[in-house]
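First chain A sits with chain B, and in the next complex the same chain sits with chain C.
Right, the complex of A and B next:
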């Protein structure tokens, strides 16, 4: 078995990105993700990569845009207010079909909010966030090992589908420490595909143009149709989710990331007391595990969605099950974290 | 018969979308001539701005991308840092470089990025319909300064070369114009130098080009070039503001 190392989530993410072949990082400091750029500033020069502390989040995402179109595996990271600033750039990445990893270690909002953990950027992440008809793949790790695994996966997915991918974590996942195994993952570097669309100077080939301005009649709709076909393929192939006690539960909790860890403890406690409670943990928030939830709705009596927000993912749960079962909600916001006993009380109200 | 004038290799054979008397076509062509003369066409990556020149890739026959409004220097930074062998240049108008993209411009310049920026200053917004630019001169009428630019309400015209030349990361800053054949030749010399600087590993190079926009100056092409000569170039004096060489 490979050696396990103890790091904080932000650092795990940075090291996993480097293992996955990321050689370009640009970002602007914001709490609670500052360990990530700090780690990159030290590590990138060691592996011949580029670290730039940009003058703004806007500039950072556009540096990533440039690095990506030149063929590099490139990423940026930030936290909620900074991610809002990056939305313009993410829309351009989507429009120009450029791969990139964007990390959002969420904090409380709206506005400057606070620096405590939150899950209130779910809408922004899963609906595209910026202007125009686009989506991005959104992956939500719940442990530090999963941060490592999903970070490596995200670069492969970004390249494969030529799309921005977002890792959606929160302040707890970014700051906490857990043992992680990284060494055995080195093979992901070999899975990299040759990019025959990048701008690297037109030596021996026709010049290429990378753009999202499409003024000719029908050109933009053609791009949108192409993107939609790709999104459909992503929805067919890239749904990831974990289900606990899907066969015999009366109440199904639905939670992702940090809240799913609390909910899995709730399930353990209630199961020990003979209650038929289970958990659906979406790992990919977009594409959302619609089919899995729809199937569960055939057997489960009701759902309880738990979020560190005022209720965002609950909308996707309702849409997935076409409101065939009652969907309850328990959430805390503003940096507050739902406690196990609070969730248990909610379950008891329902069951 | 000997051919004495032809289209540069780096330029596509295409019908212009620019208005009669517009300076963009001249600047596009100069860039292509310089790229041909330096033999760098297969290494060049150009970045088009948001504004009239967003369609630069319809004219340039080499690798080109377009950046979000004002973000050209950040995109250029990303490209150049990934592969310093590429020759990376940005083409920006006054709104792109000196309004919405001021932060990107100042910081790319101050980092001393080994890139070239060609800044086309025509004192007005073209693509959106003749609004005030940061470089609109005092008393100049635009669609958003109908009574003329007033210092108290709209502030002062922004002098980009003067501003950037004080930054230690800037190797070279020169202001030229394309309002007469003699000035076009000088402009070409400056643009060639700004590319040569990049090849030679210098820091940030910027060439500001005063360029006529007859449509939104509300003038004939003839009057527009005269206006640059007699009025605009008094506010924006031509010349080399900095040439500090390699550091």
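Right, the complex of A and C next:
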């Protein structure tokens, strides 16, 4: 077992990416994720990788595009306003079937908002964000250990499905420290050997082309059909979620990331007082744990969705359970973090 | 066991390091621990704080709203956090800088001239470690040795020559008798 260390979430994410074989990082500074590029600027030269502080977020995502089509495990990171700028590039990655990791350490919005933790980019992350019929895998860690584990997983999923993957965190997860174990993973050392579609010079073979401009009759629909088949496979195979007390709860909280940490303490407190309360924590936000929620709706009386937003994931919960049970909502926005006692009061209103 | 701690003071007083050192000591003692900095729009020379939770069980939110231990190293921090310490909690005041103490009668108050004592050791910046040592003497959170041992992991290697001084400061704070 690896030794436990203390680093902040942003640094854990960066180191985990390097362990997973990421050797290209481009980004542009923005709080609260600056420790991530700062760490990369120091570590990438040590491991023979490339760190670039680009002149803008748009430039950075397009550098990632270039590195990815050359076969590198590549990533960028930013926070909410910066992620909005990257959407065009993410759409192009999806259209060109290119793997990449995009990290969003969310802050309060809309606009420049503030630098405090938030979860108000859920819609943007899970609905595509950019233009066109595309999806990206979205993973939402709730602890620093999970940041490490999901970052490594992200690169594998991105390569396997040739799709951009987003890690959706928030200012708390980026800034906080807690003990974490970083395992080394040798199997991801050179993923480039397995990619038979990259542009690495065509000497001795037929030239390849990577593009999303498809003007020929039927070409673009063919691409979309292929993407949709892949998205279906992802929905079948890559749903991840954690359920606490799914068997005997009257009220089921639904929360991800930082909010789920707070909710798990709420569940513990209320259980100690004899209340039948549980928690669903989606780890993959897309694909969303639809089946798990639908099954729970058979025995749970109601749901309470808790978010650091004005209500975004609640729509996926309602869709998943086909509105068979009441779905309540409690959220704080603008960088405010819900306190345990606030959530407890909401539960008591319902049950 | 669970302690929710806020460390607060001027930038440059080693406020972040205080939190990191006790967090590392908590981790090596097998506790659950979270550390969270204030990362708001801080002004240079203004007040910074870090929040540490040490517990025997899982910690949800790393945000500390009503600390069981408040450590204030300057006057603005005393003003900001004095009223937030929960009833029955501990407020540690760096009397050398704050000048005044606390008038609350529902909490345990430890006034310590940490900066003066650090001056006696030859380095004003060791006041943070003196305060940490004093906390561990007042509340049995962790063995003081675990804190001493944490320093080589939380102090950057280029400053490792300062470790003996910092250990001395912890010891001095631990042995401080306010009576």
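We take it that the second predicted complex is superposed on the first by the 341 of 351 C-alpha atoms of A that agree within 3 Å, B and C clash if a C-alpha of one lies under 4 Å from a C-alpha of the other, contacts with A are read in each partner's own complex, and residues count from 1 in each chain.
The criterion applied here is as follows: a contact is a pair of C-beta atoms (placed from the backbone, for glycine too) under 8 Å apart; a residue touches a chain by one contact, two chains touch by 3 or more.
Because the structure is predicted, anything quoted here is derived from the model rather than measured.
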Once the shared chain is lined up, is A:41 touching chain B (first), chain C (second), both, or neither of them?
neither
First (chain B), second (chain C), both or neither touched by A:292:
neither
Could you say whether A:302 touches chain B, chain C, both of them, or neither, answering first, second, both or neither?
neither
Per the contact definition in the header, classify A:211: touching chain B only (first), chain C only (second), both, or neither.
first
Applying the touch criterion given at the start, work out whether A:176 contacts chain B, chain C, both or neither, answering first, second, both or neither.
second
Taking the superposition on A as described, I'd like to know which of chain B and chain C A:333 touches: first, second, both or neither.
neither
In the overlay, answer first, second, both or neither for which of chain B and chain C A:56 touches.
first
Do chain B and chain C touch any of the same residues on chain A, and if so, which?
none
Touching residues of chain A toward chain C in the complex: what are they?
4, 6, 31-32, 115-116, 171-172, 175-179, 258, 261-266, 268, 337, 339-340
Would you mind writing out the residues of chain B in touch with chain A in their complex?
41-45, 48, 54-55, 57, 60-68, 71, 74-83, 85-87, 103-104, 106-107
Note which residues of chain C are touching chain A in the complex, please.
20, 23-24, 27, 32-37, 39-41, 58-63, 65, 153-154
Can you list the chain A residues touching chain B in their complex?
23-24, 26, 50, 52, 54-56, 58-60, 62-72, 74, 88-89, 92, 96, 199-204, 207-213
